[in-house]
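Once you scroll down, you'll see the structures, which are given as structure tokens.
Below are two complexes that have chain A in common, paired first with chain B and then with chain C.
Take a look at the complex of A and B:
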């Protein structure tokens, strides 16, 4: 039993790495999602084209391949990245591509009356987005953003393939050293589940807070 | 005779193959209260939406304060207006909508202060004071800190009127502002409009199905049918002695539906 304390410690170290990649990856995904999502509905075709190209590329290719590109191919092009940087970049951009469609869909689902109200009050397009459309659209984005964040969390397991010692990687180490699969993998099973519960509860709390007194369909 | 504040000259507008407005021309004098009546689909709401720049025109021209609305002068010719020109022109015009279009995530007070703060750079304290005056005028001062979802339809519409007034437009457009309200809430909104008509010299264009109110409120009535003005004149003439057969038919139907005119 004694020996397991050390091994569990190893897995908890990995859990910290997983948390770090998840948080940084989500931050990058959020920025990418808003940039590309707003790009998709821009008046300028160049921006629409760029955003569409990004979204289609990252949704249409495997996260596994993207990760290997970030870690093994970018250095050949003169951009050496640490495993953590490569992991955050690949996961953030991948999930951001899905998030961009969520941003776009939510913005377009704000009722036409809200846009017309803004125009009648002579807001510029930026003011309209910032003060009226995005605050309402953001509430609509939250549930899907929660799913995307959980997808990103689960996706972090692939970073063990570029030698980043996240909790899946550490579980493999423990398995190799002890010959036991059940204990390390049961541990990380619970840890992943605990993480995703934290994410989904936080999103639900945020959603409740932001939608208080809000009835989006009836101005 | 003063110069008209609005000149509509030969305006046409189509949605797909459906021609909503056909070579429409009329003028509005400064301070005039104009009621636009007519059957659904006759083009009266479209005129308001065009004036608010929510719909483009397909032909003709509109002048507000002697400046073209949908066009702008460039190298001696009139070209299609750009966003900057539309922005400048919109400052003269306010609109109140059938479905209120309040911002649901903002309080009543914020709904009214947002536009002056954003578009005129009014300091917050000043915008708040102005908003409270306007909310008091529409009888909504005690609801300033509530969200729109907590209000009745009539209350929402009164807030929407205060919100549009906060930008001090020269021209106000009212698009069927009581059509979405329960019958018992109509009067509180009409009272606010009566007060506005009596106490201000704003030019007001009102699209309505409340014939009795149109009669009391307006200086002049335009009867629309099929994208054209069929008949226009002072309310007494239009409602008690209409000359055109289509006007007579329309008003008979309204009376048959139970309205007093």
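Take a look at the complex of A and C:
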């Protein structure tokens, strides 16, 4: 019994690392999604082209290839990254590419009258986005963002393959030391499930909070 | 920096990996299509002792990483006396994971057939079987096709995970070549290029499918 405390400690350490990568990855993904999503609908073809290239590249190659590329190849090109940096970078940019399409779709689905209203009020393009379009579009983005965040959480397990001591990595350590597979792996499966439940519930709460006073039909 | 001779030298070994990657995707797709159908039916069951456990299992599988599920299958089953080759364990893992997604596609596909169709089938006195095979399924399937294709493309991009349970697919071959020669740039870039080479045309094809089938979706 005494020894299990130590092993549970190991797995909890891993749980903290997983949470950290998930949060940092989501932050990067959010920034990337908005940058590329707005880039896709920019008036300048150079920006549109750049954003499309980014999105297609990151959606087209697999997250694992991106992660291994970031970890093994970037250092050789003179960009040394720690496993944590490589993991956050690859996951954030990958999920950001999926998110960009969500941002674009949500902005385009804001009804035309809203844009016409902005024109009538003589808003600049920035004002239009900031005060009228984004507050409405953001609510539409949330459900898919929630799914993307869960995909990112699931993706973090892969960083264990580049020697980052996340939950999956620690479960392997426990397995190697105790010879028991079922206990550590079932534990982390339930922890991952708890994490994704937390993510989806907080997104739902946020959605309720933000859609207050908005005339946005859900769906 | 970039060594073309090395590229040519490692192509045969990577090609071996490509074959396994494609096999895994195809087999995983077949399992996901069949198991997904079973799951969708179970989740529509009138018996709550069937509906709830399958519903929870599907949510659980969808909320946890495929990699951990693969480890679980690969390490636990031998303890229970079931010996599976890494490839079989991997394909089952992929198939079951994606079955939880395809089940949702089937479900929404069926739910999207309007209620009037069910009522009309009842009105002209069709049997349950006739209703399904002649009215519901033919209308439900076309809108499902792009959504299913989308998941199969995702599955293809997740096959590198099988490397973690020692399947010698493309990623694993690339890693072993890279470790052997201590050269990472070429093999890793080639793997990326291969995925891009397959994914980009498939996405273009997928958009065509969407255009073709989407108007039928109500």
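In this text, the second predicted complex is superposed on the first by the 216 of 219 C-alpha atoms of A that agree within 3 Å, B and C clash if a C-alpha of one lies under 4 Å from a C-alpha of the other, contacts with A are read in each partner's own complex, and residues count from 1 in each chain.
The working rule: contacts are C-beta pairs under 8 Å (C-beta built on N, C-alpha and C of every residue); 3 or more make two chains touch, one makes a residue touch a chain.
Here the structure is a predicted model, which is why all the values come from computation and not from measurement.
A.B. asks: Is this a clash or a fit when chain B and chain C both end up on chain A?
C.D. replies: fit
A.B. asks: Under the stated touch criterion, which partner chain does A:148 make contact with: chain B (first), chain C (second), both, or neither?
C.D. replies: In the superposition, A:148 touches no partner, neither chain B nor chain C.
A.B. asks: More residues of chain A are touched by which partner: chain B or chain C?
C.D. replies: C
A.B. asks: With both complexes superposed on chain A, which partner does A:187 reach: first (chain B), second (chain C), both or neither?
C.D. replies: After superposition on chain A, A:187 lies in contact with neither partner.
A.B. asks: Does chain B (first) or chain C (second) touch A:114, or do both, or does neither?
C.D. replies: first
A.B. asks: Figure out whether A:165 sits in contact with chain B (first) or chain C (second), or with both, or with neither.
C.D. replies: Neither partner.
A.B. asks: Going by the contact rule set out at the top, does A:22 touch chain B (first), chain C (second), both, or neither?
C.D. replies: So A:22 meets neither chain B nor chain C here.
A.B. asks: Check the superposed model and tell me the shortest C-alpha distance between chain B and chain C, rounded to whole Å.
C.D. replies: 23
A.B. asks: Starting from the residues of chain A touching chain B, keep only those that also touch chain C in the other complex, and list them.
C.D. replies: In chain A, nothing is touched by chain B and also by chain C.
A.B. asks: If we count contacts the way the header does, which residues on chain A are in touch with chain C in the complex?
C.D. replies: Going through chain A, the ones touching chain C are 56-57, 59-66, 68-69, 72-73, 76-77, 150, 153-158, 160-161, 168, 171-172, 175, 181-182, 185-186, 188-189, 192-193, 196-197.
A.B. asks: Enumerate the contact residues on chain C facing chain A in the complex.
C.D. replies: Contact set of chain C toward chain A: 59-60, 62-69, 71-72, 75-76, 79, 157-161, 163-164, 171, 175, 178, 184-185, 188-189, 191-192, 195-196, 199-200, 203.
A.B. asks: Under the definition above, what is the set of chain A residues touching chain B in their complex?
C.D. replies: So the residues of chain A touching chain B come out as 113-114, 116-117, 119-124, 127, 131-132, 135-136, 213-216, 218-219.
A.B. asks: Could you please specify the touching residues of chain B with respect to chain A in the complex?
C.D. replies: 52-54, 87, 90-91, 93-95, 97, 99-105, 114-115, 118-119, 147-150, 156, 163-164, 167
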